[in-house]
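Should a chain be cited, it is by its letter among A, B, C and D, assigned in written order, with residues numbered from 1 in that chain.
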């Protein structure tokens, strides 16, 4: 009845959570860069052979690249996909752009934000500052220009962005789908409110009272399913549990850059397996060493 | 006698573009700018409002600069963290005074391409993308543009393959004609020299690093060089001991060095002479 | 044998307009609606999403209902509190299923005036104002409209002095013509009876309180009465023991009673007979 | 240099804080209904004889009514002014509306919100859902209508709302103007970001480290001045310190309804005096009794 997701126990196995994402869905990815990415859900979507996804997000990395590498993506509407100065360009993304196998509808952070807010506020258009005069505007025939009735200036206006589903990973949640995140929240809150549903993984399900002490950031009434998947953001970070797994990311990049057999081997070893096997293999427990000392923390990045 | 490397002096030059009591921001994947902001905060601009990149933390004291921009090491113990929307709103309404921008291509008007070499929809090389630059380059008070890849000759170009972030002029016209109140690029710092922007909004070479000539710059630059060598307000002057100490304290992992080609990292200087 | 007062049964009638698994909201200065929501939550609608008025707390268990709507007693220990903007966005995009609305004047289409008796800019009596009703009455799924001041004859009117909140029709046209997807008024409950709204969006009397006649209602109503007395889905049926217990537990201070004129508060009923 | 308010110690006496509000200023009032209203600042504005204010806010009560009663207000752009079902209509507001001495530009919560967001996001117009077809629209010649370029539907569009100053009261703050509030924040955050400056009172100035433990809600860089004024929200509530002072509010309403000498006596006793004298007179310490027991809490409302 309600557009909200009311009541009850929303815990499901990971496979069932990922099954909420249909082929061709408009999917928002939570987290940003190499932090708090919903990687267990991404891997499960690959396992389930999802196709034709329209991805939207701000600045992302292995989540988007892995989905592209496995042929799951039709449209990529992110503001950035890559591995920063540390590990460089995103190989599958770069190849797909060159070969035209994915439609690259590159966007800008504040434009995506404006579109999400329009969706949240139930209005069919909203103006944005900037973009006008850039070539980003030309990638978006769905935008328009309008003249301000008060000042006479012309601005780009954009339609609302209403993801079918937002995929989030949080360190803790409860059985009702209430989630606690630490800052930066990136666009997670805005995605959650603008989407038809949120599907979440959490490192730990905790009692509601414990969650309230930390603070509920995304309320359960926006969440349709939550799966407990320890290390569900790996190889991205999810503090305080685990830092970014630089060697694993480098291994992915080498495999994805080489493609062919190398990529197949990566996928067979890390994606085709279940998450328990994955965790045993990658041993993410070592990434908790960040909290031991500054030296130990730095060591994870050398 | 003090000695330093080009990467250290480069970061110091970026830091010196920040005035005290400015609100400054760097995008992700920008370690030189990131380190520069913390150097400025610890030296000549203690009262700047430092917005720490993809964490949006305000005036944090990083444990160290890690090689990824959304990491707890950058903002643990911060008194305040902006929300994503809070930062972008502030930038869009003109409350942020300075941003650092780079690009795979930069034109004479300081516009940048971080989207695609070869243009869209058929890029030769798809770059990462512009983050929020296409919006906030319009409205932020001033931009410090930089590149550590000038020498190769493909970065400073006459025409961009794709315009991601707004300099002083686009095909559609000037900033004023587009209705943008942000001041646009103020400085362009490269591993060869430092430019400001003249009354036409075009880059103008104001200073060279000690081991670089105007001919070196001209050979590496795709647009017609305008030159007014006058020291660029001292941007490229030797770093002070305090500045060098700040660079080394902020960036013990040397993350800034990832921006440079190996030969540039070998460039060292001292107060006595250029040692190259 | 059970006995209850009109104010208790009135709150129960409002509660019964809420379906289970609805997201429901009341504005401030609305104690009857406020108490009704908590009664529904504790009886037939345990899985409704209850948004507690001006606190925007979700499913709180009030310590008690105080006479002011932004008070800690209403939301202490809530698991989650919406932000102001979060609630209004949800309401504007149609994610809120039901809101309670009242007014100093209510017309036959369920539009309300909470701004000014005598109209603006020269009001005879300036009322408090509409809060967010002028926005969210457009988009919320369904509205339960109520008044406890029907009998005096000045509340249900043919023409509003000022239209603050949207019923099924304004001078500019119907909801559909205005482009509003919210369902508009579904029920109008007064201290005399209960109305729904017919295919033309006009109020239609469906039930009377036991001590009220159609003539009483007609005499107090400024628009032409449409009548289809069929019990109104049992809205005005005697409260159950559970419902009465819930009213008394939620509202020990009797804040709901502040909405009624003294003679209405004297109206009492029992399972045996009307005791008036 | 920056539009933000940077650095330094921003503590000032109450008189100096209120002096940041000029005659004719567009003033946003924090808090809502009878909670966390910036009453010490309101009283000080009356003492200083401020005139011609344009007030904006959501649902307010004695803050607005007292400013109107003392002739400080030219334009009132609130969504509600009153004392709920408990104490009823706002007497000075009602009188001023009838006599035409204040321009009543009544607005709606979600419209004010949309206008503040436009100011925050630096855009010169924004559409709103609703309002169209109501008589509220007719009170605002500064609104317009526009046709959505994507859907063809006509919506009301509104200009940004940029208050000159937002007046806030918070339970705690630090010397730099960082403020902690408890929810509901009402529009305090949005006002703070959309305004040229925030002027705040706090019940207590605490060390920054202590404030961070509670959580900074309004950051110091938005705040130009902060004054420590214990019980600065009285007679509205500021939990956990003090509940709503129902007898005092009733006394104000009686005086303001009667007007003339009764109002003069109220003003002489409670407004013309300094805040120390005020606090000694009204004895707000008794309003902390809410935390003793449910019975004691209820007693405050009987």
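Operating definition for what follows: a contact is a pair of C-beta atoms (placed from the backbone, for glycine too) under 8 Å apart; a residue touches a chain by one contact, two chains touch by 3 or more.
The structure presented is a predicted model; accordingly, all values stated were derived computationally and were not measured.
Ranking every chain by how far its Cα centroid lies from the centroid of chain D, the top place goes to B. Rounded to whole angstrom units, the spacing between the C-alpha centres of chain A and chain C is 42.
In this assembly, the C-alpha centroid of chain B lies 59 Å from the C-alpha centroid of chain C. Rounded to whole angstrom units, the spacing between the C-alpha centres of chain C and chain D is 28. Multi-chain contact residues of chain A (touching two or more other chains) are listed as 110, 117, 121-123, 128-129, 153, 155. Shared interface positions of chain C, defined as residues touching 2 or more other chains, are 88, 92-93, 139. Pairwise, the chains that touch each other are A-B, A-C, A-D, B-D, C-D.
By the touch criterion given at the top, residues 1-4, 6-8, 119-123, 178, 193, 208, 211-212, 216, 219-221 of chain A touch chain C in their complex. Within the complex formed with chain D, the residues of chain C that make contact are 28-31, 54-57, 63-64, 66-73, 75, 81, 83-85, 88, 91-93, 115-116, 119-139, 162-166, 170-173, 178-180, 252-253, 255, 258-259. By the touch criterion stated above, chain A contacts chain D in their complex at residues 110, 114, 117, 121-129, 142, 144, 146, 148-151, 153, 155, 157, 159. Considering their complex, residues 32-35, 58-59, 78-82, 84-86, 89-90, 93-94, 97-98, 100, 103-104, 106, 108-111, 113, 117, 128-136, 138-139, 153-155, 183-187, 189-190, 237, 239-240, 243-244, 246, 290, 294, 297-298, 301-302 of chain D touch chain C. The residues of chain C lying in touch with chain A in their complex are 19, 21-23, 47-49, 58, 79-80, 82, 86, 88-90, 92-95, 97, 139.
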